[in-house]
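We call the chains A, B, C and D, going by the order they appear; numbering starts again at 1 in every chain.
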Amino acid sequence: MNIGMIGLGRMGGHMAQRLREGGHAVVGYDSSPQSDRDVDSMEALVKALSSPRVVWVMVPAGEPTDSVIETLAQLLDAEDLVVDGGNTRYADDTRHARYLDQRGIRFMDCGVSGGVWGAERGYAVMAGGSLEDFERVKPVLDALKPSGPDGLVLAGGVGAGHYAKMVHNAIEYGMMQALGEGFATMAKSPCITNPAAVMTSWKSGSVVSSWLLDLLANAFEDDPTLSGMPPVANESGEAKWMVESALELGVPTPVTAAALHMQQMSRGGADDILRAISTMRAQFGGHVTKV
Amino acid sequence: MNIGMIGLGRMGGHMAQRLREGGHAVVGYDSSPQSDRDVDSMEALVKALSSPRVVWVMVPAGEPTDSVIETLAQLLDAEDLVVDGGNTRYADDTRHARYLDQRGIRFMDCGVSGGVWGAERGYAVMAGGSLEDFERVKPVLDALKPSGPDGLVLAGGVGAGHYAKMVHNAIEYGMMQALGEGFATMAKSPCITNPAAVMTSWKSGSVVSSWLLDLLANAFEDDPTLSGMPPVANESGEAKWMVESALELGVPTPVTAAALHMQQMSRGGADDILRAISTMRAQFGGHVTKV
Amino acid sequence: MNIGMIGLGRMGGHMAQRLREGGHAVVGYDSSPQSDRDVDSMEALVKALSSPRVVWVMVPAGEPTDSVIETLAQLLDAEDLVVDGGNTRYADDTRHARYLDQRGIRFMDCGVSGGVWGAERGYAVMAGGSLEDFERVKPVLDALKPSGPDGLVLAGGVGAGHYAKMVHNAIEYGMMQALGEGFATMAKSPCITNPAAVMTSWKSGSVVSSWLLDLLANAFEDDPTLSGMPPVANESGEAKWMVESALELGVPTPVTAAALHMQQMSRGGADDILRAISTMRAQFGGHVTKV
Amino acid sequence: MNIGMIGLGRMGGHMAQRLREGGHAVVGYDSSPQSDRDVDSMEALVKALSSPRVVWVMVPAGEPTDSVIETLAQLLDAEDLVVDGGNTRYADDTRHARYLDQRGIRFMDCGVSGGVWGAERGYAVMAGGSLEDFERVKPVLDALKPSGPDGLVLAGGVGAGHYAKMVHNAIEYGMMQALGEGFATMAKSPCITNPAAVMTSWKSGSVVSSWLLDLLANAFEDDPTLSGMPPVANESGEAKWMVESALELGVPTPVTAAALHMQQMSRGGADDILRAISTMRAQFGGHVTKV
């Protein structure tokens, strides 16, 4: 089918390519003239699509997505469909849907997982919206997803796609932290000769077999001690939103929180805590912390 | 090759079967007459093997394993090899190795993962001991492991196999907890229509694709809300030993600890903590906690 | 000075009493006719005060506070001052301040700590607002606070009083959990004959001397094992808001989060997590969790 | 009474002074000639005491304490009493008691809290041993403890004093971390003008009133932002032993563990975890972590 793609960065560009390989006619736009865009404005993109139009928005969450949706609200017609495939916070989807609905424009949110591997391996797609809109855009979703029975779900109404993606990313954080704790413990233990070899062996037959382990094993081929990587990690919004949503729902998520906290610590987030602890210890014990 | 298997329970029985399918001659013994044993005593098992013998011990960790190893020390000859494939604490392996070494008997430890699926899928095997002993028993290990390049590693000297398995199980705890937090949050969230369908969709294309997710998806086919399962989990020793070892090594393992703590809480381990908190709140605020 | 008190429950009632003992003329109103109220409507309360009026609102956070502030906006005059002494979320203070400011009415927020002991011991008061409003209401705050140099602070602008109280309550959660973990560990340890006696001894000379420990020691006099208390704890909003605010600020708060998570678990919040874990273990290991 | 004190460092020196002020005759020995020692050998110390002797050992835990106890076993007579007042792991007390018991020498362990403030404020003393030995040494313990009813307890048999001190220190870790999280969150929050002033105000009337808060408030007088302190904290053994003991007892201690983990992280303990996380993110997302 005929689809507009706004945002041709790492994710949007690869997705456009996969859609074309799947037989769809993609009109791509990106604000950067250096991009591989087909048209040089959103107006041109809208004109190039046949009605009722489907426009996939794949730009950074927050202000950029807000701005694109506001522009599309001016350009599109009733019954056109906007799909937000970015990393928008689920709570913002409702706002976007209402805004577009004032003009009769339809809205869906799609969480998309797969990173740079998705172009080849297929993307896991989690959609939120009405069943009618889901069916309408399903040929596109089918082209994005991996072959086989899984990899695509209508998770619920508007917002559910991003909610599911948020949960997915939080699980990812927890799994990465679990694998990291195992690696770090073996790296320090005099018992284990080669932690990289141990973890690589788990790719097959073990209970922890997983795509994340496969990726780690890939990296071990070049750098078995990972000494080339910096000991810092950048948190993204999803795990934070997950912890907040779970707190409100009364669900304890200690593992998600712990993974997030460690990432914040790696960026100095706990420095004032440690200063306070050092201060109290210095006060009561005459301990002076040596740096 | 020719091998004795002591312990024909769920793990040992399936392993013996897989070894026979792999062309090995297994002499099996179990203390239970109801088992499918080939001989009715350890003496008979030892007599049935050709020298230098290899005996695989697959009985519960702690006293049962201690006891079998003490008996074998009396029955075996110098250069015979004992392999402990159970869930022994790594620190005990050194003790066992020294004990057997007094008689010139060789020792290896093997952590084995794979559960009831291993008979069919192959077991992940992590070995600890000398390279010489590893080579000697490698035909057996190759039969246990899955086909393909991975699934077997010599992790280090004596104790390293169980240490690696301990780390593996701790990672497993963290991953299960991460998946559980995601499921529970979606189960409580009004956004998500069907958490089981969302998680099942992740089997393909997602970052959290993993064997544990596959197992969960299997279970969802029969019981999408998991309401038939009890909200309790039994901790095993490995995650505890991992946390303890990491503490000594100075490696923080908040995710492993959190997973373990939740399992202990599900068994009432935190009841006195909660009583103390309720008490303080009642004292300062006149809050009375209603049950 | 002359002050109106809306809400004569456990906190408001005791505070009115302490204010009167401090020489202030308090006009009290409560929606309940069974209360010890001086007037039977907010209109009457407003009429009974001299201008510019000061009205202290001490009702439950959320809708009740919203509703009282909306009513006061209709009844008060410009330059009158509303003080919200309840447990309102700090983010709501800005909204309340703006709403009242449309009529020229001033607003302050005051976090008040001290529980049922405050009437006698004095309340710790954390104020948010302008220095001018703080000075105006200071005679009242001085009467509420304990004698001595501490117990009162202007923490910042509007919202800062409730923010400081939120942080205070989160610290309280962490401290209670720390004391609880110590009690529970000693209660299970065969080493310790009488955990209550040990903790009571810490009231003097120890590093953990604290008011919370004093309260616990009080309770131990009647029930050294705390067996009369239920093993559940009710979370209040403050620790949740603290974790959320800290997440946004990039500050890891693992102890606050852990305390909160345990309280949520005691109310069954983790049941679905545990069901998922039991399910995976049953799938891979043939483990059946016995209840 | 007459008592020998071995170890005249920060703790032992102050304790000897407090004992003398309490009317006891202290014979002090320290291995360092620069110390304020009364005798220059343990032999001389033993000779200077009247039988049955009481010798208080106040040297670092581990090898130094082991060594002193081994020497004392050679020098003392049956019915003499050794008191270990250091930070020995509770499990080692049993070993020491058995060792001395071979010669008929009595043993008690005493956990002592109070830091450099103890000389003036008095020390909280937690004793482990027999009631008979406790009564014998009670005049000394009474001189060490603060005046008033609390500050001294016989916690149980041999090992209980150090166990109670271990729990005490773990609670201290949790409380410091809770206070630290509150400080750090306020320090980053734009709402709060002066976190030091807020926390100082809590000294009176608040629920978090505590000696640790008093110490922090002391330090704020000189450095309200604590910017002069390094953002690192040194873990001591007690919290580790507490987490390990609680794990074995089935008691979850997430707050103690979290406090400990943060201290380990501040010393780089999590670097390999973070390297592994960065590696996986780089692999799946093309994310490159910028330092």
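Worth a mention:
Going forward, a contact is a pair of C-beta atoms (placed from the backbone, for glycine too) under 8 Å apart; a residue touches a chain by one contact, two chains touch by 3 or more.
Predicted model only: the values in this text are computed from it and were never measured.
Looking at which positions face the partner, subunit A and subunit D present mostly the same ones, since more than half of the interface numbers are shared. When each chain is reduced to the average of its Cα atoms, D sits farthest from subunit A. Computed from the mean C-alpha positions, the centre of subunit C lies at a distance of 33 Å from the centre of subunit D.
A straight line joining the Cα centres of subunit A and subunit D is 46 Å long. Note on chain placement: the centre of subunit B and the centre of subunit D lie 37 Å apart, centres being C-alpha means.
Among the residues of subunit D, those touching two or more other chains are numbered 115, 177, 179, 181, 184, 188, 207, 211-212, 250-254, 258, 261-262, 265, 269-270, 272-273, 284. Across the interface of their complex, subunit D is touched by residues 10, 115-117, 176-177, 179-181, 183-184, 187-188, 211-212, 215-216, 218-219, 223, 226-227, 229-234, 254, 258, 262-263, 265-266, 268-287, 289, 291 of subunit A.
For subunit D in complex with subunit B, the residues that touch the partner chain are 207, 235, 240, 243-244, 247-248, 250-254, 257-258, 260-262, 264-265, 267, 269-270, 272-273, 284. Interface of subunit D with subunit C (complex): residues 90, 113-115, 118, 121-126, 128, 145-146, 148-157, 159-160, 163-164, 167-175, 177-179, 181-182, 184-186, 188-189, 191-194, 197-198, 200-213, 242, 245-246, 249-256, 258-259, 261-262.
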